[in-house]
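We call the chains A, B, C and D, going by the order they appear; numbering starts again at 1 in every chain.
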Amino acid sequence: MELGKKTWAIAEGYIPAWSHGPEPQMTSHEAACLLNASDRDAHVEIMIYFSDREPVGPYKITVGARRTKHIRFNNLTDPEPVPVDTDYASVIRSDVPIVVQHTRLDSRQDANALISTIAYTE
Amino acid sequence: MELGKKTWAIAEGYIPAWSHGPEPQMTSHEAACLLNASDRDAHVEIMIYFSDREPVGPYKITVGARRTKHIRFNNLTDPEPVPVDTDYASVIRSDVPIVVQHTRLDSRQDANALISTIAYTE
Amino acid sequence: MELGKKTWAIAEGYIPAWSHGPEPQMTSHEAACLLNASDRDAHVEIMIYFSDREPVGPYKITVGARRTKHIRFNNLTDPEPVPVDTDYASVIRSDVPIVVQHTRLDSRQDANALISTIAYTE
Amino acid sequence: MELGKKTWAIAEGYIPAWSHGPEPQMTSHEAACLLNASDRDAHVEIMIYFSDREPVGPYKITVGARRTKHIRFNNLTDPEPVPVDTDYASVIRSDVPIVVQHTRLDSRQDANALISTIAYTE
């Protein structure tokens, strides 16, 4: 079964610079949740866009056939870490159709806040 | 009246492992809100995808004609409960067009957080 | 200028039963934000769907040409109030194209939570 | 690479009137996050719609080639500031394809709340 699209974008990117509460669940983070419902592994490349310099990437990720992977941008390191407290955006491309949803947990204050939205696709 | 689509996906799935506040309203939970605006009952099947094992399902649900049903993933038990504190994703199929929206209430800290997004459809 | 669609759906509907903080800003509420960017008044009808009874409506609203109107479901009274602490869903139809976004403010606990998503359209 | 669309709308607009926590990160604000993945600068115009008066604008913004810009509505001043504690909506047009996501941080109470959704496009 194939489901989804090969190109996705998340225009809102921001990793809060501090956290409040037990790790790793309550650590402030931003995630791209990838679903690969197909029967082939998905080879995914993420490009990160900034406000004041050229894009960085690709960050390469494999999502196995019939698997989901929730990527924390905080954990991306190659080619370089994604800076905190910095506006960014991302474009996500895959060689098989996938579905992408964007989520952030912000635990900077006493109680955490959450956002989530389906990403843009075309 | 028919409204919606027959195939939907929610790439972000995660049931917080603990809660804070009166049950059942403030219990941490994740929901798929299904709207069947048609004049026929909708027979819905949900498959749950994981990061490290094969998908589980289908979970079978009927949404009556001209009814909405807000399914808490916490309450799904057949063929097996959805584990808490675990990344998952879901694909939702119906035999009549429906509309699907994803919501989570996270009450792990003193004040609850909420997310909601229209699901992906094609 | 015409922008948007004539049919929209919000599968997630729920008005929290209590609030915390100064009224009216911090009163728990659910809203459909309607944008009519056209040069003609939009005549809008909202139908409310429930889990266990027939739909109620239409609730009739006019959004002037080149105006936005943020409808609090809490404030709908004709043909009947929308019950609190009850799952519902809504279908919104307009005679001119509009854009619909769904928002909830939940102030049941010490700090408020918010959700928002673009509604489903076709 | 071109990605996105030239016309976007955000039906929900509201800047909370007060804040709680360190500036500028925790200042209540509303943002349109714009991603221009193309190789040409994007010339963007924002029109603001109100419930009780004619639209205001255009607010003009340039997003460089291969750049993202997270616009805080709070910071728009020309032709006039966007009022706080007031319902509004926005239409965003660009001469090259872009992607638009809507976000609000609400820090009126002790802990912040967040919303985000992909904007409407056609």
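Rule of thumb we're sticking to: a residue touches a chain if its C-beta (ideal position, glycine included) is under 8 Å from a C-beta of that chain, and two chains touch if they have at least 3 such contacts.
What you see is a predicted model, and the numbers here were worked out from it, not measured in a lab.
Chemist: To bring chain B onto chain C by a C-alpha fit, how many degrees must it turn, rounded to the nearest 5?
Modeler: 90
Chemist: Report the chain whose mean Cα position is at the greatest distance from that of chain C.
Modeler: A
Chemist: At the chain A/chain B interface, shared numbers over all numbers used: above half (same) or below half (different)?
Modeler: Here the answer is different, because the shared fraction of interface numbers falls below one half.
Chemist: Using mean C-alpha positions as chain centres, tell me how far chain A is from chain B in Å, no decimals.
Modeler: 21
Chemist: Rounded to a whole Å, what is the gap between the Cα centroids of chain A and chain C?
Modeler: From the centre of chain A to the centre of chain C is 30 Å.
Chemist: Can you list the chain A residues in contact with two or more other chains?
Modeler: 109-118
Chemist: If you look only at chain C, which of its residues touch chain B in the complex?
Modeler: Per the touch definition, chain C meets chain B at residues 7, 9-14, 16-17, 47, 49-52, 54-55, 85, 87-89, 91, 102, 104, 106, 108-120, 122.
Chemist: Which residues, counting only chain C, touch chain D once they are in their complex?
Modeler: Residue positions touching the partner: 3-5, 20-21, 25-26, 31, 33-35, 37, 66-70, 98-101, 103, 105, 107, 110-118, 121.
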